[in-house]
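Next, two complexes with chain A in common: one pairs it with chain B, the other with chain C.
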Partner chain A sequence: MPSFNVEIIIENKKMARDPEGETITRDLINRGGFQSITNVRTGKYLKLSVKAEKKEEAEHIVREMSNSLRIYNPVVHTCSIRIKSEEL
Partner chain B sequence: MKTAVIQFPGSNCDLDIFHVLKDVLQIETDLVWHTNFKAEDYDGAILPGGFSYGDYLRAGIIAAHSPAIDQVEIMAQEGKPIIGICNGFQILIESELLPGALLSNQTRTFICKWVNIKVETNNTDFTRNISEGTILKIPIAHAEGRYTIDPKGLKDLRENDQIVLRYVDENGNLTKIGNPNGSMDSIAGICNNDRNVFGLMPHPERASEKILSPFSSSDGLKILNRFVHT
Partner chain C sequence: MDERSTIKLNLTQKEIKEAQIRLGREPNETELGMIDVMWSEHCSYKSSRKLLQKLPKEGKKVVVGPGYDSGVVDIGDGDIVAFKVESHNHPSAIEPYNGAATGIGGIIRDILCMNCRPVGLLDSLRFGNLQSSHSKWLFQNVVKGIADYGNCTGIPTIAGEVEFDESFETNCLVNVGCLGFGKLKDLKLGRMDNPGDIIILVGGSTGRDGIHGVTFASRVIGEESELDRPAVQIGDPFVKKLAIEATLEALRTGKVTAVKDLGGGGLTCALSEMSSKGNSGLEIDLNVIHVREGKMTPYEILLSESQERLLFTVIPEGQRKVLEIFERWGLSYSIIGKVTHTGNLVAKYNGRIIVNIPAKLLTNSPLAVRVAKKPKIKSKKSISRPAIPSNISKTIFHLLQTANIASKDIIYRQYDHEVGVRTVLKPGDSDAAVLRLIGKNKAVAIKADCNSVHCFLDPYNGHASAVAEAARNVVATGAEPIAITDCCNFGNPENPNVYWQFRQAINGMSYMLKGLKIPCVGGNVSFYNEDETTGNAVKPSTTIVMLGLIEDLKLITNIALKRTGQSIIMIGKTYSELGGSQYYRLIDFPKGKPPNAVVSRENASIRSIIEAIRNGYLTAAHDCSRGGISITLAEMAIKGNLGLKIDAKLIPRNIKVRIDDLLFSESNARFIVTTPKPLARKVLRLARKNGAPAAIIGEVSSDNYEITWGKKRIAWNSIDQMRETWERAIPEAMVGP
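Coming up: the complex of A and B.
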């Protein structure tokens, strides 16, 4: 069975402030001279290998897992799922 | 009343709360490993503070999938008192026994200090004998304690009188300076709709013996007393 690389990105919703992102913007990027960068939002990145027949099936498995196991907290997070590639 | 302190890999306030319940309040208490915990054996349960599963992915999320939580859910439905302290509160949130989320402190730092906590309602199992408006001196010690919820959730908490504890300043007022971690609405502790499941970030077990407190505070006992009475 083929195996797919799938990415999950978990971010805070707009309503939830992101102090890590704010600190990176202010104390690293802006202080380091990059004034044109005005905002950073941090998140969590997970990279999965998923066995499935097709791309769509791999995505479906990951979506179902993310929802049923609360890989993100839907109150404050958004969760995006992307199929990167088929592994050889 | 027989009470269980449930231990997860990474719990580290388990022995403190066990000591307070058993030796200070003289309650029949067991330390129970999370895979062995059975709802039917106990009248109440405590999820202690610590760093269960190293806080991996999100504080509390992995412990929320422990078999102990299925048992805790049964106890909650039976109306038995459940209290989650600090990481225990995070576990109750992530297992959806309590609503909302606990995000990284607004300061981006771990905060360990004595704070002032106002009792907002005594209509819970845990605050029944405390007058509303009472200020308790209890310490916090956490990195992820910034209570956050969507506007509708916050409205529900207010309307259902589920906000049990709020952070206040030295004068007992709700101010930015009195709110150490940036929690929404200065929330330090909430209960469920049935009022028998209670989560709080402050550590009542660290404010239960005057000799161990720089403020001679034993205010934590006012909350933990709940487990003395059935």
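Coming up: the complex of A and C.
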């Protein structure tokens, strides 16, 4: 069975604040002299290898896992799932 | 204005009419939105305020009673303690991590506003059974939210309690408390009483998040809540730490006249409460407020519940000095207006007056008339009592494994409980946490308590018991109980059965508080804790946070057995009161009488313990409650890493009490203490003098846990095995989704 590389990115929703990102922008980057960087958003990144017949199936498996195991909370987070490549 | 479509009012037609009459005209949309929030249950206490009057508020040590951001008591030498507990149930039920974190954020501000330094946090949590994956998710994330926020702000989380029961499956209860130390001469009250003062909004920017959070909390949770996204906030402990230091420094200048936290109801609530309390008015300009998003409407600015914001009033000549402090700490601020003497809250937007409404109209909502009706108990056929367990040792093991009794180490290990170097007794050491005042020979003890099952089976006695247990817990550390603050968690008050529970609860608490002469200096009421789809309300639960004073650090006592050969003494009588006990829940037996709460018994036991500790007689003291005598003894042995030998025949008891009652009944007014053998008689004499039944029931041994009935052995366990079972139960339950 083929195997797919899948990425999950979990971020705070656009309308929600991101105190960690704000602190990094202010206290690390701007204070460190990089004034042209005006905003940082942090998040969580997971890289998975998924055995599946097709791309769509791999995505479906990851989506279902993310929802049923609650690796994010739809109330505050967005969860984007991207198929990167098929492993050989 | 095109706002009408976005505003969903919760006011009743009658309330809207009342608002029109009091205002003498039709309120505009923005004003109506403000009235809607201020007259919501959460802000107005419209269902509860009349009943809450029954709680005793007076006492020699009371400095500030209910009605302000937190209650304040005098602990002598010019020192004061501010403390408060609040619910954050609804946000935590849909976003446990941020819901709990912002709860901690809010309660810290309540202490800060009184010009006290927050020095300790406590939390009282209730979840469904840990077999459910939803409960595990809530549990894990609530604890992490408290830990991350508390640890970042440098305030230790020192005490709390957790209870698991299926009624909290969808509606978990997250009650967060804080206490702070300050000086009586520096105390500040959150009121505007000096017209001409400048009003400054400090801290986080105002955004669209959390608009109408309070009306959200005044509704039941249903399918829609997942979409109620703006009601959930993201906490920012980094800004909070700066805000704490900046606020305390600004207050030291003497130029600040008042500070108030922006919580539920946002600017509207803070402004109207401050001016209403100070019999003043105010005028603000909404255009100057630092906002996070462009094009916010006046309605949104006035109602936003964005986190980490504080409102200051400053005398005009002090403005520059105070602003310098905010700048140095890197905090954003806006000078939004000034205090007037009109009694009205006036807000301008784009040069036009868009709000002009009496502050007292907002803060004095009409009362809601609620009906109380005792629920009908489905008549079950009377069932005879379950047989005495054939293997009592095994039953004790099973009890140690139940989540309500098992070690809560997995929770408090995540909290920093020592930062600030005030912590003398840490979580797990004793019945209550003890914090010392640096440089003084005194300390305070604090504990949160409630037993939801007892409160459900008998709201009157259950809530009276919660007060009594909280008092016993601080007493066991060597403290004299001085005041409480409470947090009531109930279902929908429009349901007569729920309202009956609430009334019984207040009556029960009032009876015990008056009897023990302990005032209630503040509180919080959370209604609508029920599942909309099933209609099931949470078990009625009022968290009692008890504060005690220890006037000599040498008197601090913990629960651990200390030395083999010392006498073990039981104070207080055991009754056949197994209803709702952990033992009956274990064997799933639905009947039985829950414990009675009787003032005279509590007073007798409490006085005996306080006097015995003051005389230096006791080496350990433990309140006897959940799980009964068998579990109380087990905890003392586990903590002390020593064994014990008890003869159950010697336990003071009511006639017709069986062995299962003796070991597992959760009767009130009981303590187990240890004392060096030569002092045992003196302890008994003290108890007799105070009218408390007492007896020597056994002694401390080196290794095993042994209970006999006369010569006959009825339970025998190894302490090491008991400890392992007790410590591993919750971590093991948490394995897997």
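One rule holds in what follows: the second predicted complex is superposed on the first by the 87 of 88 C-alpha atoms of A that agree within 3 Å, B and C clash if a C-alpha of one lies under 4 Å from a C-alpha of the other, contacts with A are read in each partner's own complex, and residues count from 1 in each chain.
Note that in this section a contact is a pair of C-beta atoms (placed from the backbone, for glycine too) under 8 Å apart; a residue touches a chain by one contact, two chains touch by 3 or more.
What you see is a predicted model; the values in this text were computed from it and never measured.
Participant: Would you sort A:K44 into first (chain B), second (chain C), both or neither based on which partner it touches?
Facilitator: Touch partner of A:K44: chain B, not chain C.
Participant: Examine A:I71 and indicate which partner it touches, taking first as chain B and second as chain C; both and neither are also allowed.
Facilitator: After superposition on chain A, A:I71 lies in contact with chain B alone.
Participant: Kindly classify A:N12 by the partners it touches after superposition: chain B alone (first), chain C alone (second), both, or neither?
Facilitator: In the superposition, A:N12 contacts both chain B and chain C.
Participant: After lining up the shared chain so the two structures overlap, which partner does A:L28 touch, if you call chain B first and chain C second: first, second, both or neither?
Facilitator: A:L28: touches no partner chain.
Participant: Overlap of the chain B and chain C footprints on chain A, residue-wise?
Facilitator: Overlap of chain B and chain C footprints on chain A: residues 12, 15-17, 19, 23, 69-70, 73, 75-76.
Participant: Quick one: in the complex, what on chain C touches chain A?
Facilitator: My answer: residues 94-95, 97-98, 137, 207-209, 226, 229-230, 232, 234-239, 292, 307, 330, 737.
Participant: Which of the residues in chain A come into contact with chain B in the complex?
Facilitator: Answer in residue numbers: 12, 15-17, 19-20, 23, 44, 69-71, 73, 75-77.
Participant: Touching residues of chain A toward chain C in the complex: what are they?
Facilitator: 12-13, 15-19, 22-23, 26, 68-70, 73-76
Participant: Can you tell me which positions in chain B touch chain A when the two form their complex?
Facilitator: 57-58, 61, 64-65, 93-94, 96, 99-101, 103-108, 148-151, 153, 182
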